[in-house]
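Both of the next two complexes hold chain A, though its partner changes from chain B to chain C.
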Partner chain A sequence: MSIIKIRRTNCIVAVFNDDEVLMGALRKSREKGYGIIEVFTPFPVHGIERVLGVKRSNLGVAAFAFGCIGLLFGLSLTGYTNTFDWPMNIGGKPIWPLLSFMPILFECTVLITALGMVATYLCISRLAPGVIPVIYEPRSTADKFVVLLEIDSRADEIRNNMKAWGVEELRDDVHVDHNMPFPIPFKLK
Partner chain B sequence: MIRRIEFTSRNKTIFMGASILGVVLIILGLIVDHNQPGRFWANFLLSGFYFTAFSVLAVAFMAIQYLASGAWSSGIKRIFEAMGMYIPVGIGVIVVIFLATFIGENNGMHAIYEWTHADVVKNDVVLQGKSGYLNMPFWLIRGVFFLAIWALAGRAYRKYSLNEDEVGGMLNYNKSFRLSAFFLPFFGFTFCVASWDWLMSIQPHWYSTIFGVNVFASSLVGCMTLTNLIIIILKKNGKMEWVNENHMHDVSKFMFGFSIFWCYTWVSQYLLIWYANLPEETPYYLMRMHGGWKSLFFINLSLNFFAPFLLFMMRDAKRNLNWVLFVCIVLLLAKYIDWYMIIMPMTAGKDSGFGFYEIGFWLFFAGIFAYIVGASLAKANLLPKNHPYLVESLHHDI
Partner chain C sequence: MSHEAAIREPLIFGETNYSVITDEICAPAEAKPTKHWYIGFTIAMLTLCIGIVSFYYEVTHGIGSWGLNKTIGWGFDITNFVWWIGIGHAGTLISAILLLFRQDWRNSINRSAEAMTLFAVVCAGQFPIFHMGRVWNAFFTLPLPNDYGPLWPNFNSALLWDVFAISTYFTVSIVFWYTGIIPDLATLRDRAKSKTRWHIFNFFSFGWTGSIRQWNRFELVSLILAGLATPLVLSVHTIVSFDFATSVLPGWHTTIFPPYFVAGAIFSGFAMVLTLLIIARKVMRLEKYITIGHLEAMSKIITLTGTMVGIAYGTEFFMAWYSGYSYEQFTFINRAFGPYWWSYWIMISCNVVSPQLFWVRKFRRSPIFIFIMSIFVNIGMWFERFVIIVTSLHRDFLPSSWAMYVPTWVEFGMFVGTIGLFFVLFFLFAKYLPVIAIAEVKMIYKKTTHGKPAGAYHGEQDYDQDKAYELAAAAHGHGHDEHETVGEHHH
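Then we have the complex of A and B:
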């Protein structure tokens, strides 16, 4: 699978040791208007979405859509097989007994929703098959908190401020390669 | 952090006034709808069981939280403890129904349970076969025993929790944890048996194996509804500022989820009976789906399932104080209708309706419930002091 490089941004990798320090630095960076491309944490940090200004995902809308598709799938499956293609009279019940199809409709809805949500989640989390994950700092999977900061004309100011706000390590030899086969659906700014 | 609420004389007047108003309405009902013992005692059982079941579930929910090491609920656990204090009133309900049987042929258990009439049992082979289990002394012994154990467990949790406020440490938490491990299996079994005794045996020929689970789901929804209601009332009065929309969201999720679970068990029961079409099972639904009961049958399903499902589906709906208050009121009504549909058709029958008896008995028990919960909440700090998960609950964020 060929990988298209869409965006190439110069940035620095800031490594933090503590989540409270990280949150403080992020808060101040947002105030100053620095471009934060991505944050990697070893565990979910509560309230970080609010600090970064990430909007709540619309995963629920996707779930509802997949649920509707699943319900329609169940309706057409039961309706076609048991009512139109080969009508069956079971115990004198109606020819399209919605009530006895309810388990099937329910399970179809749940199945399609679950599978669809997994697919949606993999897509928007950039975990599609064939993607080689870019690891900016291997220790972000162990005990370090890693921030990718976009370098613009204020590079020196960003470096100095980061040091003042408690960064443990700064590396500026990295650029971001978004090697996704399709455009990235969202951007952190 | 010591935060107490005051149980003022104004509160006392309101709650006692509600109970007294209830008694007045019942007396009015006795005058207006006289000679309806079936309806009278059915309402006594309905409203008595309504609040008792919710308080029992409060104790069970606390046990679940201990056993699952649930942290988010520790900031509101005093509400569950206070609700658990109501359970002894349930013993009163059972004992009064039993004792009223001796007043006359049409009172107490005779008015509610068909199997207590000796002449009916004599001509009924099925009831004779069940008489080893369905007889009056055993019914009373079971009911009082179950309620006593539940009440004692509620009191034990309360005692450990209050002791924890004073001494701190893990000792009382571990005791509560161990108690939960014994209490939950006991509760799961006995609550099902109690629901057979008090509700299902009203129609002794009919039985459904999932009935207990259905009543359990109803009760848990009711318990969470009352919890949310108490939180909202306290918050509107400027108390409990550490409880925010995150806690309310979690309580509302239980209301939402178990409303769906209620429908799941309801459909499981209905679907099999409808499909199998067996003569001893279908009369239960035939009676409720035809004639005057038909509209209430569908109102029951819409209010208990479709209303919370649609009103609570959005995330923001579960976090908005006034919206949650609205859904709470809908669900309190829905749970009343749910058990009304179970109890009334066989007991009150043609006499049933919605009048002085229904409102009176509900108000009477609601007043007692509010009084006991209010007094218990005021007796202790509203915020448990040394609970090991307290800090996590205060920083709850979802």
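Then we have the complex of A and C:
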């Protein structure tokens, strides 16, 4: 793979070795008001979203909506086929026996909820087969913690502070694996 | 960072760090297959071939090639189906229910247990499908628009509930498993040495980067999927038990079946997880991550669920007597002392008696003992389904229709073949994918290893809790415990 170097004047990559050191540096960066564009970690570091002010995802709402759709799908499937289109008299029982449709309704609800929610998750996280990711540090999925920092007029201060807060490596050249356009940096609140 | 008590057994052994964890878990997936792997895989393939021959014979000759008769309409097929489905349940219990209960020890076994679930469900599905005889018409079970009337499946039928339950279970399990494996596939991608390998893993890792938002959503999705999979897994074996419980046959027609079947499913599933993991941890040198403590925790669940199953056997007998229903009473006496008495007593000794040996700590911390026990439980649970199905059918209300059931080589071949299929899939999984959830193990690494007194470790596996307690007490006596300062440092 060819690693191409993109010279960005407005950001640097800070690589950390340890999650606790990373958390400390992030907390202090936030206090100083440095712009943190993105953080990449090899595993979910708990509490980091609070430090960065990332809100809890709304995927639960999506899951509930898909659950409702699933239930409606189950109701219409059983109702249309067994009650409306071809009602059957089974031992004189009602032709719309909600109770004995219950397992079907439950399974349809769970199925559509799971599939719908995961599809939503993949879409909003930009995850799909074959998507070429932008990797700043190949070991960020193994043992390195990568912070993409925005550089403003306080460039030297940011660099010095990062060193003081335990950064392992600071890079001006943003190494990007693979020939991909740089992502549009979004600033965290 | 949160830390746990120094005397609690660590879930990861020895001096390590994030880099070592990644290397060690990725190593088997990146190395060339070992000789052991080739031998195992070849045996599994040959076993699968027996199955292919048997399945072919069954499809070309019809259901008549089985030992079923007018009295006994279900035999090996449904026994194997329920057995395999039950085995699958442990994977979902570990991945979903233990996640909801925040049991950290699940993190090193959930990946392989869930893979096992998928493979077990694949094996289970073959039996009801091939029992249809004309397998090419299997899609008739689905409510597809058609020109036959229209002809719809009957949604009041427990067998159709099964179709929905099993297919939903399989789909949700595969989605859950795959969602979890994406970050680890990205790890393998970023470690790839060749371009081809990079492209393969990049395709399957969906462009994962590990950004905060991705992880944030990842955790929420895992939690909600766990919340969905928990009632789902309970519903699956409940619905499987309805196949029997909604009939009017003595021995089947009982309300105890759903909880009894679910407990039995978890029981047999944990046994299969242990069978696989005790071999895998040894062959793949993963003793550091799948510790004796993990095996012990699973053994405890085996004892719990085995005892629940035992209570269910007792309750059935009690209810047969208490109901005053002579057919029910006869069925249970016939189970224990009729022509199939041996299968009943194999079931009792394997499922009820043997798990009680795990009350002895030494036994439940011995991998060899646990391995033998897990095989016993697998056998016992197979016989449980055989007993329930065959002994209830072979002597029903009319003595003139009483019969015996003897399976043919085709049925044996099909059963053996699915075991081969199961192991073929597991061998492929163990070779090409990370068998331990790398990211999830890293998540608990600091919490579980920091501050554990070094003197309490024995080798790479065992941990002496009494010694740890002594050392921890001594350390406290001398003042500041080292790991406490780590926690305070950055706050």
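In this section, the second predicted complex is superposed on the first by the 162 of 189 C-alpha atoms of A that agree within 3 Å, B and C clash if a C-alpha of one lies under 4 Å from a C-alpha of the other, contacts with A are read in each partner's own complex, and residues count from 1 in each chain.
Just so we're on the same page, a contact is a pair of C-beta atoms (placed from the backbone, for glycine too) under 8 Å apart; a residue touches a chain by one contact, two chains touch by 3 or more.
Keep in mind it's a predicted model, so treat the numbers as computed, not measured.
Peer 1: For the combined arrangement obtained by superposing on chain A, do chain B and chain C clash, or do they fit?
Peer 2: Clash.
Peer 1: Answer with first, second, both or neither: which of chain B and chain C does A:V61 touch in the superposed model?
Peer 2: After superposing on A, A:V61 lies clear of both chain B and chain C.
Peer 1: More residues of chain A are touched by which chain, chain B or chain C?
Peer 2: C
Peer 1: Now for A:A164: first (chain B), second (chain C), both, or neither, which partner does it touch?
Peer 2: A:A164 contacts neither chain B nor chain C.
Peer 1: Per the contact definition in the header, classify A:L127: touching chain B only (first), chain C only (second), both, or neither.
Peer 2: Second partner only, chain C.
Peer 1: Touching A:S100, do we find chain B (first), chain C (second), both, or neither?
Peer 2: A:S100 contacts both chain B and chain C.
Peer 1: For chain C, sort through 63-71, 261-269, 297-305 or 333-341 and name the stretch that clashes with chain B after the overlay.
Peer 2: 297-305
Peer 1: Looking at chain A, which of its residues have contacts with both chain B and chain C?
Peer 2: Shared contact residues on chain A (touching chain B in one complex, chain C in the other): 46, 56, 60, 93, 100, 103.
Peer 1: If you look only at chain B, which of its residues touch chain A in the complex?
Peer 2: Listed in rising order, the residues are 267, 270-271, 274-275, 277, 314-315, 395, 397.
Peer 1: In their complex, what parts of chain A are in touch with chain C?
Peer 2: 1, 19-21, 23-24, 27, 38-46, 48-49, 52, 54, 56-57, 59-60, 63, 77-78, 81-82, 85-86, 88, 90, 93, 97, 100-101, 103-104, 106-108, 110-111, 113-115, 117-118, 121-122, 124-135, 138-143
Peer 1: With touch defined as at the start, can you tell me which chain C residues reach chain A in the complex?
Peer 2: 1, 17-19, 22, 143, 149-156, 160-161, 164-165, 168, 171-172, 175-176, 179, 182-183, 186-187, 189-191, 195, 198, 202-204, 206-221, 224-225, 228, 231-232, 235, 239, 242, 438-440, 442-443, 446, 486, 489-490
Peer 1: Applying the document's contact rule, which stretches of chain A touch chain B when the two form their complex?
Peer 2: 46-47, 56, 60, 91, 93, 99-100, 102-103
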